[in-house]
Amino acid sequence: MEWKTKITKVEPNHLVTKGYRQEDLIGNIPFSHVVYLLLKDELPSKEHGLMMDAILTSCVDHGTTPPTAMAARIVASGGVPLPTAVAAGILSIGDAHGGAIEKGAKILQDAIFKMKKENLKIEKIAEIIVKESIKENKRILGFGHRIHTMDPRTKRLFILSDKLKISNEHVALSIAIEKELEKQTGKKLPINVDGAIAAITSDMGFDWRLGKAFFLIGRVAGLTAHVYEEQTDFKPMREIFTANIKYNGPNEKNLP
Amino acid sequence: MEWKTKITKVEPNHLVTKGYRQEDLIGNIPFSHVVYLLLKDELPSKEHGLMMDAILTSCVDHGTTPPTAMAARIVASGGVPLPTAVAAGILSIGDAHGGAIEKGAKILQDAIFKMKKENLKIEKIAEIIVKESIKENKRILGFGHRIHTMDPRTKRLFILSDKLKISNEHVALSIAIEKELEKQTGKKLPINVDGAIAAITSDMGFDWRLGKAFFLIGRVAGLTAHVYEEQTDFKPMREIFTANIKYNGPNEKNLP
Amino acid sequence: MEWKTKITKVEPNHLVTKGYRQEDLIGNIPFSHVVYLLLKDELPSKEHGLMMDAILTSCVDHGTTPPTAMAARIVASGGVPLPTAVAAGILSIGDAHGGAIEKGAKILQDAIFKMKKENLKIEKIAEIIVKESIKENKRILGFGHRIHTMDPRTKRLFILSDKLKISNEHVALSIAIEKELEKQTGKKLPINVDGAIAAITSDMGFDWRLGKAFFLIGRVAGLTAHVYEEQTDFKPMREIFTANIKYNGPNEKNLP
Amino acid sequence: MEWKTKITKVEPNHLVTKGYRQEDLIGNIPFSHVVYLLLKDELPSKEHGLMMDAILTSCVDHGTTPPTAMAARIVASGGVPLPTAVAAGILSIGDAHGGAIEKGAKILQDAIFKMKKENLKIEKIAEIIVKESIKENKRILGFGHRIHTMDPRTKRLFILSDKLKISNEHVALSIAIEKELEKQTGKKLPINVDGAIAAITSDMGFDWRLGKAFFLIGRVAGLTAHVYEEQTDFKPMREIFTANIKYNGPNEKNLP
């Protein structure tokens, strides 16, 4: 039985990751570029490397409000090791939390593929996508945010991707969808940070199936800080959150 | 009920992490430096920033042999989302896997504290530590490796910490322990990569309780690559490993 | 802000779960019946209670071969607390491992719904399902097993569900699909233990979305035994599995 | 390479768990007794079987207040599969949550061992334990509860263990410690449900290292109900908890 892997060759005193000796990578290549190497099988250009740094940093933390941070802190408060609590935070990255990067990137990548095949214009594709989403009453993922109307991370990421000449058809399609959304619904639903990362990583050539990966790798830094803060500044089993909980199950009764 | 956090201030369209606006950090500060900021409450000097990059990269991957990668790939093969499988890998970071950084750093930090308090020499402290470990038949964590006799990561990390003038008393103590181990046991037990990170992060001023954090943040990049490879190159529920498993429980019998 | 829950009312010295005081449940109602109460909002009949016991027991363990047990043991070997390792095992319960109960139950429940609405015969529905699966080249989940041709658990579960007069249209449809599979493909693909649980719990009136729940609750018992065995009989970081791993990534090269 | 396991023998169409064929266990032995078999290598007596049922049921749920339920629901709200969310809940079982069973049982088992060796009386041992805990300012785990003064579960468990003639020296020592605590501190710190399970399972002959296992296996049932309720009654990413969060980190400033 043989098992093939393209990631790391392990021999005594010799480690080769995606073609490069680890002793060459360590201290010569920024960590963010090594992340890029691991996910894309090549070292980034200067522009792509800078963009990867920006994307990971944009995912780092959003305070205690998202499920990632809440879950990590609550689990930490049970009195468990740091990695166990950080992992609990990661588990909450799902279709509704960070998942818009993956699904958003899929929509964009499928649409651009279709656009090229059928020789359509970006505006036309955007119009179709928005029309369908309204018809099926389904949100297009990557637009709108529960707290921000003009997310500072989104703005900054797009300025960078423009400046670094990374912005291309996927970013253009995102902007066209934003316009169409306003046109067809009358409401402003600005691209959110997930949507920006979906568009930019698509223009960088990443597979949409890695959508949650960028968020995860960046967010782990923030989660580690949350767990460390919980473990060093607070007592175990403290009352973290309050909620007015009401039992509305079956009425109290005797056993049959 | 009020809950205080020092990590991120979240206001509509405004995110401040450890004092810095996120739009300022994104694209201006390397991700590894943001990790440093989150764990140490300040941006690193140029030297500390470079060292942090090196440390995170040195943790990135060690092929499919460690529990982290094995657990992540096995869980991925059950047909679950990427973050679920990556989290499973993180869960295996424990006292016996990555834990030597935490425990090693504690030993070094406690010893240097004692050394200063009692005005001892580094060589003396090393002698005491090794003597005690032999007496109690307990391994000093951070020395020896199941595969490498001269781990290329360890060597590279120490060259860098010397060059960047980060190496100080904790690194010196590690080297003294390595020498004492050979002297007292007659065996070579070279500092391993965990031991190197323990010593260097201690000289950088990090709390030993963050020992597993560096390993975790770096390793998440490799785990993501493992899960992605498993999900895209292999079928679910493939036979990943073989083992000659022998049941040696109670003999087969009828119910009483 | 109010949050409603139907599960447990918590007051000082007073706990009511799904209508029953916990002090009444404890020691009077078998644990398996309490599981039933939690998932179905009522205590089971004698027959349903016995069936639930049988289903949970049938999920308890399948040795070290499935991802659940492998992941739990590997994570345990990293030197982590028992619950962390058990949780890692649970994480591997996914579309490809245990997931056939959920997806199989959905297929059966949808088909019976359609059968009643369109006044079809069970054999006709089975014929359609198998024909479609062949056309779309998609496996019908719950049939065939990588090790067993006549799974002893499956046989026993069906004998019981017949004897307890629980077997009804969903079980009948499963058997009809098994026959159609042989007829249309010429191959024997017997109902497996997942398929049996899917059919029987559907006839017991459970929501298909609980498909993985039965497997999970039963399997946790086995996983706990695996982690305990690993922690008490073996050393941390032992070599659990062997595999002939071959690196087929990019050739070793110098940094650019 | 050979790997030995005492849990399950897996052969085609043949599964033997702790000596018994699975087809014999299924439907003949209650699930709770199979749990006992897995953790203790033998089927329980009638009394031990009933006690195991009672213990597992007493752990089933405590509403939404404990970390287990909070973590499971928050992770579920990220839009992940049921097992991922249940596992997140389990991760919070730690030294401060459920851990009192393990640590409490260790204290009791060590004390009884010492008592027999040194031929002491139970009251004397209790006096020593309480004196030491006061001197070292350390809580004796298993006494006192954040909500209940007279936990209905505790009372019921002790009534049962007395009635079933399971209560023995470990239960007696728990009661003696409760009395000593009141005598030496002047405060009532009644045995809590963790303490009761610690004492009773010790009298049943279970290893203290399984302390968290009973809690975990029982609680999984409640967690599954919580995740199912969250997934079917609520929208993803709903605001589950509120907290008045105050940022007290470094003041907002410009990059250096």
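The letters A, B, C and D name the chains in turn, as written, and every chain counts its residues from 1.
Keep in mind that, in the parts below, a residue touches a chain if its C-beta (ideal position, glycine included) is under 8 Å from a C-beta of that chain, and two chains touch if they have at least 3 such contacts.
Being a predicted model, the structure only gives us computed values, none of them experimental.
Hopping across touching chains, the smallest step count from subunit A to subunit C is 1. Of all chains in the assembly, those touching subunit A and also subunit D are B, C.
Compared with subunit C, the chain whose C-alpha mean position is the greatest distance off is B. Counting C-beta pairs in contact, the pair that comes out ahead of the other among B-C and C-D is C-D. Comparing the contact residues of subunit A and subunit B by number shows a mostly shared set, over half of all numbers used being common to the two copies. Which listed pair repeats A-C comes down to matching contact pairs by residue number; over half match for B-D among B-D, A-D or A-B. In whole angstrom, the spacing between the mean C-alpha positions of subunit B and subunit D is 31. Averaging Cα coordinates per chain places subunit C and subunit D 24 Å apart.
Subunit B and subunit C have centres, each the mean of its CA atoms, that are 36 Å apart. Chain contacts: subunit A has residues 1, 3-10, 21, 25, 29, 63-65, 80-81, 83-84, 87-88, 91, 93-94, 98, 240, 242-243, 245, 247 touching two or more partner chains. The touch graph of these protein chains is complete, with an edge between every pair of chains. Subunit B makes touch with subunit A in their complex at residues 1, 3-10, 12-15, 17, 21-23, 25-27, 29-32, 34-35, 38-39, 50-54, 56-58, 60-65, 81-84, 86-88, 90-91, 93-94, 98, 147-153, 155-157, 160, 207, 209-210, 212-213, 216-218, 220-222, 224-226, 228-229, 231-233, 239-240, 242. The touching residues of subunit C, counted against subunit A in their complex, run 1-10, 16, 18-21, 24-25, 28-29, 41, 43, 80-81, 83-84, 91, 243-256.
Residues 63-65, 67-68, 70-71, 74-75, 77-80, 84-85, 87-88, 91-99, 146, 236-237, 240-243, 245, 247 of subunit A touch subunit D in their complex.
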